[in-house]
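Structures are listed in the sections that come next.
There are two complexes below, and they share chain A, which is joined by chain B in the first and by chain C in the second.
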Partner chain A sequence: MRLAVVGVGAVGASVVELAGEYGHEVVAVADSTGGAVDDSGLYADAVFDRKRTEGTVGDADPESVFDADYDVLVEATPTTLGDAEPGFSHVRRALADDRHVVLANKGPVAERYDELRTLEAESAGTVLFEATVGGAIPVLSTIADLNGQVTAARGILNGTANFILSRMAAEGLGYEHVLAEAQDLGVAEADPTFDVEGTDAALKCVILSNVLYEDSYTLADAEVEGIADLPGSALELAAEDGRTIRLVGEVSPDGVRVGPRLVAENGTLAVSGTLNIVQLETTHAGRLNISGRGAGGPETASAVLADIGRLPDTV
Partner chain B sequence: MRLAVVGVGAVGASVVELAGEYGHEVVAVADSTGGAVDDSGLYADAVFDRKRTEGTVGDADPESVFDADYDVLVEATPTTLGDAEPGFSHVRRALADDRHVVLANKGPVAERYDELRTLEAESAGTVLFEATVGGAIPVLSTIADLNGQVTAARGILNGTANFILSRMAAEGLGYEHVLAEAQDLGVAEADPTFDVEGTDAALKCVILSNVLYEDSYTLADAEVEGIADLPGSALELAAEDGRTIRLVGEVSPDGVRVGPRLVAENGTLAVSGTLNIVQLETTHAGRLNISGRGAGGPETASAVLADIGRLPDTV
Partner chain C sequence: MSEADTRSYTVRLELVDEPGELLGALEPIAENGGNLLSIFHERGNVTPRGHIPVEVDLEATEVQFDVIVEALRDAGVNIIRAGAERYGAELTVVLVGHLVETDLSDTLQRFRDCGGVSVADFSLSAPAGTEGPSSARLRLVASEQQTHAALSTVRSIAEEKDLRVIEPLMEVFG
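Now for the complex of A and B:
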């Protein structure tokens, strides 16, 4: 496949770097300030060199990528809420041109799912978004594969929050202390709001709900509570009872809920560090648990590249 | 799809029972003593009634199922070693007639993989066998989906052995005592050799190796040690060190090994009871863990039915 990659953060850059290994070719790349197009294929090293030396991937207008001869748009710009722009417009443009779209950006899938499906229905292109839920973990493909048999989902879908809760419980440290440590390690961002307030986990749960029940939920429909106000004493009390606290997302026909929950200390949901886990309840196969790396450039890019492998060959 | 189901044990019976729910129709059924064919579709209840009252699913020759107008052979006879008969002949017959084959029987895939792939290549039919590894857990479809990125696998692939080891560790009881308890509960069979000697887990690992590396391994190529001689004192020693013992199967380019191994007491591999777990090592996505029910009629049948959903529509 010939890829146009928009957004060259950790995930987009890894897609550019690994595409060749998966048998694909990158013919266009854009970040917020510039673009580069070469129908005979771009070299990853040249793209990254220019980004490092000139601060942008290319001199061309970022919009010029849409004029390239590409098969698949990889939308890897940062997730935005509400109108999910500029990601949504990128997706609309590619679908209008009958191209496939693979998203790492959660915004369009969580905030404008109905419109996304409508645009897809009017296009010859297909939309896939495995990378938006659980990073490297094949959650959506497993749900698709189980073909209507998944009835509900539950999981730990934010590695930053899970790292903080794991460390608080293991070391008896307070929230602010562990957050600062996580920021030093690069596990938490300078502004950790998105992760610790539960927003990121809620977006993933909204996407799961939309896929499982053909809902048209948005973030506003989710009941969300974060971990920033959780006192260390709550974790100590839980430990006395053989339990611990995790930021759990729950997706059921009753709705989407994210919040701190008591879980068994050595139970399946109590994954440690930045790991993510998803539990799927099925009609006849019992409960399936899938855990792995929920974030990271190459890990999330591998989900994008798996999606590209699932696309119909031609549009 | 129109199904011919051969073998009506727990798995085959569940396939017959659930097929309609997945949009398929059973047109032929056979057990070792008889067969029933109806091109307009068999009723599950009628099949089971006859099996209960007359001891067989039908008066016809079991071989008559191959003359039915079917799309997919579901091979669910008991796993046999060596020549893997009669399962292998059933598969050969269906492929020679250009029909698809979905196996729950591990024998033909573990013992005659090369021949199976050769017959498939000469046929218009496709062969799938998700149910042979890890019951309800979508192991093989995940490997296929990751498209060459899985480099090695490790797992707990026998629920009976895992139940025995879990109980021995939790209760401080000896092997013979727990085995008798497992037999009372129906978790272990009257002759538990296949499970406790590691044969069943080894067959699954051989299948994984054949799929991952296009090997043509058989059970004879696996290094297998069971749990029957494991003293309770070994579990006590492990517990003093925060560890426990599990029957672990390992699949790597170096070969297939199954045996009792020390694992972290609260680690990912230490699933409890009859659960199974598979760990997949990947090139760029880190380690994926998938756990769930590794046995059971409806659970394993759901893997068979998922395979049927993956088949190309027409042969």
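Now for the complex of A and C:
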């Protein structure tokens, strides 16, 4: 497949770098300020050299990627809330041109799901978005494979919040202290609001809900509570009963709920550090647990590339 | 990943006093990877329904345990209690906030008054003194089928007193 990659953060850059290993070719790349197009294929090294030295991937208009001869648009710009722009417009543009779209950006799937599906229905292109839920973990493809047999889902879907809670419990440290440590380690962003307030986990749960129940939920429909300012004493008390606290997202026909919950200290859900876990409740096979790395450039890019492999060959 | 972590569980069953019943109840445990530790067959102690209570201690991973409980139910074995934290009527919650200033004894009293619920265990941690926010762990024992009602009570009291509730994961899932 010939790829056009929009957004060159950790995930977009890894897609550009790894595409060749998966048998694909990158013909266009754009970041927020520039673009590079070459129908005979771009060299990853050249793109990144340029980004490093000149701060952008190329001199061309970022919009010029849509004029390239590509099969799949990889949308990896940052997730935005509300109108999910500019990601949504990028998707619309590609679908209008009957191209496939693979999203790493959660915004369009979490905030404008019904519009996304309508555009897809009107297009010869297909939209896939495995990377938006649980990074490298094949959550959505498992749900698709199970053919309507998944009735509910829950999980630990934010590595930053999980890292903070595991450290607080293991070391008896307070929230602020562990957050500062996580920022030093690069696990938490300088502005960790999106992760610690539960927004990121909630977006993933909203996506799961949209897929499971073919409805059109948005963040506004989710009940969300974060872990910010949770005192260390709460974790100590939980440990007295063999429990610990994790930021758990729950998706059921009753709705989407994200918040700190008590879980068994040595139980399946108490994954440590930045690992994620998803539990799927199925009609005929009980509960399935899938765990793995929920974030990271190459990890998430592997989900994008797996999606590209699932696309129909011809548009 | 803690998949490999085995824990001990106690399952309390109720069996009909007929030959083969005990074996029928143990098979689903062994077949699904549970490691039997002990079986306490209380032959002299018949339940009001004329059945014999049996307490089985076993080791299994959490995932195996879920499968075992389901297999026992499928085999028609009556499970009275399986692993205190999930199937029993005990419920642990942690409250965070100004617990002392919002009248802790009133909070506890309200749990007692809500019917079907009692406070089995309580501990408070107030590292910042009574002025600052504190945390409390409550283990509530609710009568059968009352755990959801107990949780609603916790939520409404917490909302009224502006406390944060850290709830247990409930098996409403699925």
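Quick note on the criterion: the second predicted complex is superposed on the first by the 315 of 315 C-alpha atoms of A that agree within 3 Å, B and C clash if a C-alpha of one lies under 4 Å from a C-alpha of the other, contacts with A are read in each partner's own complex, and residues count from 1 in each chain.
Heads up, the rule we're going with is that contacts are C-beta pairs under 8 Å (C-beta built on N, C-alpha and C of every residue); 3 or more make two chains touch, one makes a residue touch a chain.
Not measured: the values here are computed from a predicted model.
Putting chain B and chain C on the same copy of chain A, do they fit or clash?
In the arrangement built by aligning on chain A, the partners chain C and chain B clash.
What is the contact status of A:Ser302 with respect to chain B (first) and chain C (second): first, second, both, or neither?
first
Which partner does A:Asn289 reach: the first (chain B), the second (chain C), both, or neither?
both
I'd like to know which partner A:Glu236 touches here: chain B for first, chain C for second, both or neither.
second
Is A:Arg310 contacted by the first partner chain B, the second partner chain C, both or neither?
A:Arg310 contacts chain B only, not chain C.
So in the superposed three-chain picture, is A:Val29 touching just chain B, just chain C, both, or none of them (first/second/both/neither)?
neither
Please indicate which partner A:Asp145 is in contact with in the superposed arrangement: first for chain B, second for chain C, both, or neither.
first
In the superposed arrangement, which partner chain does A:Leu95 touch: chain B (first), chain C (second), both, or neither?
Neither partner.
Quick check on the superposed pair: does A:Val5 touch chain B, chain C, both, or neither? Answer first, second, both or neither.
Neither partner.
First (chain B), second (chain C), both or neither: which does A:Thr268 touch?
Once the two structures are laid over each other on A, A:Thr268 reaches both partners.
Quick check on my understanding: which residues of chain A belong to both its chain B contact set and its chain C contact set?
Residues 266, 268, 286-287, 289, 291 of chain A touch both chain B and chain C.
Could you please specify the touching residues of chain B with respect to chain A in the complex?
14, 18, 22, 136-138, 141-142, 145-147, 149, 266, 268, 282-293, 296, 298-299, 301-303, 306, 309-310
What part of chain A is in contact with chain C in the complex they form?
Going by the criterion above, the answer is residues 151-152, 154, 225, 230-234, 236-238, 240-243, 245, 248, 250, 252, 254, 259-264, 266-271, 275, 277, 279, 281, 286-287, 289, 291.
Contact residues on chain C for chain A in the complex?
1-3, 5, 7, 61-63, 66-67, 70, 85, 92-94, 96, 123, 125-127, 133-137, 139, 164, 166-169, 172-174
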